[in-house]
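Pasting in a structure now, in structure tokens, and then I'll have a few things to ask.
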């Protein structure tokens, strides 16, 4: 498997609770949609939620960069395309593009850096050996 | 169509953002899951989100009763079964049962009363004529 | 101290993230405001958050009833008045009224039943002995 | 008034709804705390919520960068220090540092770029003339 195979697409329909009185999706709501995509992506990498809740070894967001390009609205059907873009020694980066279903124009672009953290101590761990084949720096 | 045909089932996988530091799903998160089910149920009744955002005639929650019976946890696959239980002149009731997928034991039971409200004035409207066949009081 | 002294008032200013595209506060957002009031009220009863996170004995909501009477809007200054209304053997009830600051007309009325639960086992405990003086049934 | 005077500090106490089952504050919850600070900061710049909801001219987040350095926990008393760091022709930047009350070590650092957008058309506007004195590029 190659780095570019570590990808996942999720779908969302914009609900009332996603919007604000500006008439569009609230900026924070997109991050919930991105977390759902990221969680499924982590599952592809062997870190499913059930395993995590037992081992308490969690991928923790250490940095988010998000660009709000165009607004989504109530009832929009959205796709969130996520992929792993870089794996280093103690953190890895994921990238997300949010589009209206069937369109290619990005509404939202987002990059997140994650570390594997052993809870509840909060100690960051080295990324797993089996990820070594992906390590690019 | 009969009242008992007005039903919808949605599925959710419990994400980190749904949980709290008690280790279980936070009581407020279930109401977001219920809203998603209710919105799909409203779609079955002819009130889809796109139409609503144009007409600005919205089904508004006027009362919620919710019983928290058993907790859901990170990674649980949940089903939310919703149905319309009563249609009166100016409000209607929906009922929701949340279970773990493949189980029947309810984790959450919820009833919500809704009114149709014309926004932004906030004026409640009579329920539509085509719902008359369902009116039971 | 008497039961009617177990009360607390919190204040909120309605933010964008509290509202939805209907132009008013979203029904779920009020429950976050009520939780803040309830948490302060619990502090009055000797259950502050720091103690709870150590003992992992948490007051858990087992039922919510909430009536949405009038909508709040962006920028509104709100007061949430909470009090304990009943203490039984294994659960107690709190009541909340949400008003615009300086007004008495309730926008929201809410009752919640709580139990003390030992986490992570999820076992409900008898209410503390020192609450006996309040026990009314 | 100088650019460095455009600042505001808000306080938060970490509630259950802010945390997740990792035992710490969820990454998305900090953005709600930052929005509250940013909204008060906007008030300092003449953009209070009541005026905004009338004119429907809103400061809209166009980019967020946030670094999660150290976790906050249930019951922590937090301070969010916000200030305007740059005002350009069509967007301005705010910076936020989140600390435990009485400490200086940052838990969270965040920068946000905002544009003034006329809703519901979504058209970005030039920043107001009275901000000219602050314009640095």
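List of remarks:
Order as written gives the chain letters A, B, C and D; numbering starts at 1 within each chain.
The rule we apply is simple: a contact is a pair of C-beta atoms (placed from the backbone, for glycine too) under 8 Å apart; a residue touches a chain by one contact, two chains touch by 3 or more.
Because the structure is a prediction, the values reported are computed rather than measured.
A count of contacting C-beta pairs for A-C and for A-D identifies A-D as the more extensively joined pair. Comparing mean CA positions across the assembly, the chain most remote from subunit A is C.
In whole angstrom, the spacing between the mean C-alpha positions of subunit A and subunit D is 23. One inter-chain figure worth recording: subunit C and subunit D are separated by 28 Å, centre to centre, where each centre is the mean of the chain's CA atoms. Averaged Cα coordinates give subunit A a centre that lies 33 Å from the centre of subunit C.
Multi-chain contact residues of subunit B (touching two or more other chains) are listed as 16-17, 21-24, 28, 32, 35, 53, 58, 73-74. Considering their complex, residues 13-17, 32, 35-36, 39, 48-50, 52-53, 58, 73-75 of subunit C touch subunit D. The touching residues of subunit B, when paired with subunit C in their complex, are 21-24, 27-28, 31-32, 35, 53, 56, 58, 60-68, 71, 117, 119-120, 122.
Within the complex, the subunit A residues that touch subunit C are 16-17, 19-24, 26, 28, 73-74.
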